[in-house]
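I am attaching a structure below and will ask some questions about it afterwards.
So that you can tell them apart, the chains are marked A, B, C, D, E, F and G in the order they are listed, and the count of residues begins at 1 in each.
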Amino acid sequence: MLTEQSKTWSVSDLTARIKQLFEEDDRLVDCWVRGEISNFTHHSKGHMYFTLKDAQSRVKSVMFAGNNRYLKFIPKEGMKIVAHGYVSVFERDGAYQFYVDDMQPDGLGSLFLAFQQLKDKLEQEGLFHPQYKKPIPKYPRVIGVITSPTGAAVRDIITTIRRRYPVADILLHPVIVQGPNAAPSVAEAIETMNELGAADVLIVGRGGGSLEELWAFNEEVVVRAIHASMIPVISAVGHETDTTLADYVADMRAPTPTAAAELAVPNLFELRRHLEQLHARLVNALQGQVRDAQKALTRLETSPVFTRPTHQVRQWQQTVDNLEDRLLLALTKAAGQRERQLAALETRLIRTSPVERAKRMDQTLQYMVERLEKAAQDQLQRDNNRYERLLDKLDVLSPLAVMRRGYSLAYADGKKRMVKRLNDVQLGDMVNIRLEDGWLDCAVWGIEEDKHND
Amino acid sequence: MTDTKAAAEQELSFEQALARLETIVKAMESGDLALEQAISEFQEGMQLARICREKLDQAEQKIEMLVSEAGALTKKPFQAEES
Amino acid sequence: MTDTKAAAEQELSFEQALARLETIVKAMESGDLALEQAISEFQEGMQLARICREKLDQAEQKIEMLVSEAGALTKKPFQAEES
Amino acid sequence: MTDTKAAAEQELSFEQALARLETIVKAMESGDLALEQAISEFQEGMQLARICREKLDQAEQKIEMLVSEAGALTKKPFQAEES
Amino acid sequence: MTDTKAAAEQELSFEQALARLETIVKAMESGDLALEQAISEFQEGMQLARICREKLDQAEQKIEMLVSEAGALTKKPFQAEES
Amino acid sequence: MTDTKAAAEQELSFEQALARLETIVKAMESGDLALEQAISEFQEGMQLARICREKLDQAEQKIEMLVSEAGALTKKPFQAEES
Amino acid sequence: MTDTKAAAEQELSFEQALARLETIVKAMESGDLALEQAISEFQEGMQLARICREKLDQAEQKIEMLVSEAGALTKKPFQAEES
């Protein structure tokens, strides 16, 4: 059965599979290893390469710079240590390695290991979680102190509280702080204080010491008692460099007992000053508010609206005066303009008066009449002259001129027929004789025929 | 001259009368007329001259009359001019 | 001149009458008119002159009256405004 | 001018009378009017001028009256405010 | 101005009267009004000015009264605060 | 101001009265108020200013009283501890 | 401040009184309070300050030690050891 089992691996696949096997093993992912350092190299990049060994075996190890920079000691060749980390495969070489993330010198080896394991356990239980941290009351009336009744720690705490905050009462629960009975003593005291319920805050701790001397504050019973306390707990164990599990679980950690006392109570001096400041601020605030109100009111009261209340009215009066002036001016102007127009037209009208025209007409008429008369005179004169001339000529030609020489003419039948021959008349006929200067009326008395005629 | 003729001549205008007179004068100046006719013409001429005179006189009177009618303008009576 | 004509002339304006008068004067001055017509024209001219005269007299009187009426008006001087 | 016409002119506003007067003056200045019409227009013009003059006089009187009524107010000098 | 109109103007507020007065002044200053209307508007304008002035005088009296009533308040001089 | 209004204003807090006063002052300073309203606002403003002034005076008296009551406390000097 | 309120404040712990005072100071410093309310708060604040001060003055420190005797816990005054 040639199944997958008979499949040929590549080196990489094989290595990856092995690496996976390491990483799937919980005990290899998070483990403590005790051994001696050899072949130690502190690489320039900061990484530490070394081999952990014991009498029978050795394992290649590495601690990267990111982890080793927090080490509280400098690892050395031949040093016995307890290291924490995980095991995995360095794929390039196909070699397994121990990847160290923490290490401790092995002198305290077993205690430290116990500490670490308990810390990990309690941490996993969540005892150190910030959500459990209770606030420390700002102005506690009673401060419970759980420590040794002898020694510097209790004195430092009492002195500090008395100095800073004499208002508070101190309730001391003496306990044993080292030795095998220490842990139950402390735990019991915490429980007692809680049962009593008098304290507003607890200070639990002791002065500095070796890891062994501080050990009671790493014990589970103490840690659990602190965690269970209804009263906020300030831990004050040892010195700053030492961190106990009590410190982890306490609601507040103080590096020293003195510091714990300072954290537990306010400074009365500062408190008084704070109170006086509050008092002053209270007064200032109100005085300020009143002053602001005064200012605001005064500003409004001194606004022109009140200081010159009739200003607007005066302005309006001015407006009305101005309008009235304009009204008067406009009408005067209109009237004046019309008067000028009228006067101009009047002047022009008078200028066009028909008087002159009538005078001119008069002259024209007179001239016409004169011409008419003259023309009439001329006509008469002309006609008279023509007449006179003809009359003169007629005069000259008059056949009657012969009569001046003695001739006369005889007419018969009432001057109608000239008598030229004898038989033109008969005896008794009336004849008219025309003389130069008139007529003779005659009768034919006789007729005498001329004999020698013809 | 017949009455008819005289009546007709009375109807003549000054100019017609004067023209007729002129015709007569010219005829007489030609010397061709028989005495009798000359006399007759002369007689008519005289007659015409009389008519002309009358018309001229009438004209003068008429002008004078009008002149006297028209107030200030016409105060000056018509004076035939000496020329 | 007939009465009708005289009446018609009475209706003429001064200017029309004067124009007619001028026409008459010119006609007479031309010397082309027969005596009788000249007299008639003269007569009409004189009539027209009379009409004109009357109209002129009336006009002058009226003007005189109006001007004297308007006397106050023109005597009142215009009060110039200061502006 | 007939009474009716005079009455009508009395009803004219100042501006209407002035406008009518101007029309008349222009017509007269053009010199195109016959004498009679010129006189008539002149007469109307004089009448219109008189009407205008009267209206102006009335206006002046009215202004004077109103101003003297409001006298106290205008005599009161403007009090300048210090500001 | 009829009594009704006068009565109506008495009822105008100061601002209405002033606005009306301003309108009248502008209309008159435009020079577009006929003389008679200008006089009538002038009359109304003077009336409005009188109304405005009366109202202003009343207002001034009232303010003065109020100020004298509140005398203590304004007489108290402003005390500048040191700050 | 009606009595009711005055009464209502008596009930105003200082801030309300001041705010109302400020509104009035601004409105009056803007110059947009009608005359009648301006007077009415002025009157109300005077009234409000008086109310504010009274309230402030009362407040000052109260502060003085309380501060002097608390005087003993503030006069007691703080004894600084040697530390 | 009512007597009840005053009484209630008498019952406050120092911490509560101080906290209340702090709240009042902050509220007043915020400037959001009306004058009347500010005065009232001020009055209360002064009262609280007095209480706080009294409590501080009254304070006496007690140091007690829990001693388990015969199974029962007793308090006994602590005697600081010289060391």
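Keep in mind that, in the parts below, a residue touches a chain if its C-beta (ideal position, glycine included) is under 8 Å from a C-beta of that chain, and two chains touch if they have at least 3 such contacts.
Keep in mind that what you see is a predicted model, and the values were worked out from it rather than measured.
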{"item": "Same or different residue numbers at the subunit F/subunit G copy interface, by half rule", "value": "different"}
{"item": "Of all other chains, the one whose Cα centre sits farthest from subunit B", "value": "G"}
{"item": "Relative orientation of copies subunit C and subunit D, as a Cα rotation angle in degrees, nearest 5", "value": "5"}
{"item": "Pair of chains whose C-beta contact count is the highest in the structure", "value": "A-G"}
{"item": "Chain centre separation in whole Å, for subunit F relative to subunit C (CA means)", "value": "101"}
{"item": "Geometric centre distance via CA averages, subunit C-subunit B, whole Å", "value": "37"}
{"item": "Centre-of-Cα separation between subunit G and subunit A, whole angstrom", "value": "50"}
{"item": "Length of the line joining the C-alpha centres of subunit E and subunit G, rounded to whole Å", "value": "68"}
{"item": "Junction residues of subunit B - those touching two or more other chains", "value": "14, 56, 59, 63, 67, 70, 73-74"}
{"item": "Sites on subunit A at which at least two other chains make contact", "value": "272, 279, 283, 286, 290, 293-294, 301, 306, 309, 313, 316-317, 324, 328, 331-333, 335, 338-339, 346, 353-354, 358, 361, 369, 376, 379-380, 383"}
{"item": "Contacting chain pairs - touch in the sense defined above", "value": "A-B, A-C, A-D, A-E, A-F, A-G, B-C, C-D, D-E, E-F, F-G"}
{"item": "Residues on subunit F engaged by subunit E in the complex (per definition of touch)", "value": "34-36, 38-39, 42-43, 46, 49-50, 53"}
{"item": "For the subunit B and subunit C complex, residues of the former touching the latter", "value": "13-15, 55-56, 59, 62-63, 66-67, 69-71, 73-74"}
{"item": "Complex interface listing, subunit A residues touching subunit F", "value": "163, 269, 272-273, 276, 279, 283, 286-287, 290, 293-294, 296-297, 300-301, 303-306, 309, 312-313, 316"}
{"item": "Subunit F to subunit A touching residues, read off their complex", "value": "14, 18, 21-22, 24-25, 28-29, 31, 35, 38, 42, 45-46, 49, 52-53, 56, 59-60, 63, 67, 70, 73-74, 78, 80-81, 83"}
{"item": "Complex contacts: residues of subunit A adjacent to subunit D", "value": "308, 311, 314, 317-318, 321, 324-325, 328, 331-332, 335, 338-339, 341-342, 345-346, 348-349, 351-354, 357-358, 361"}
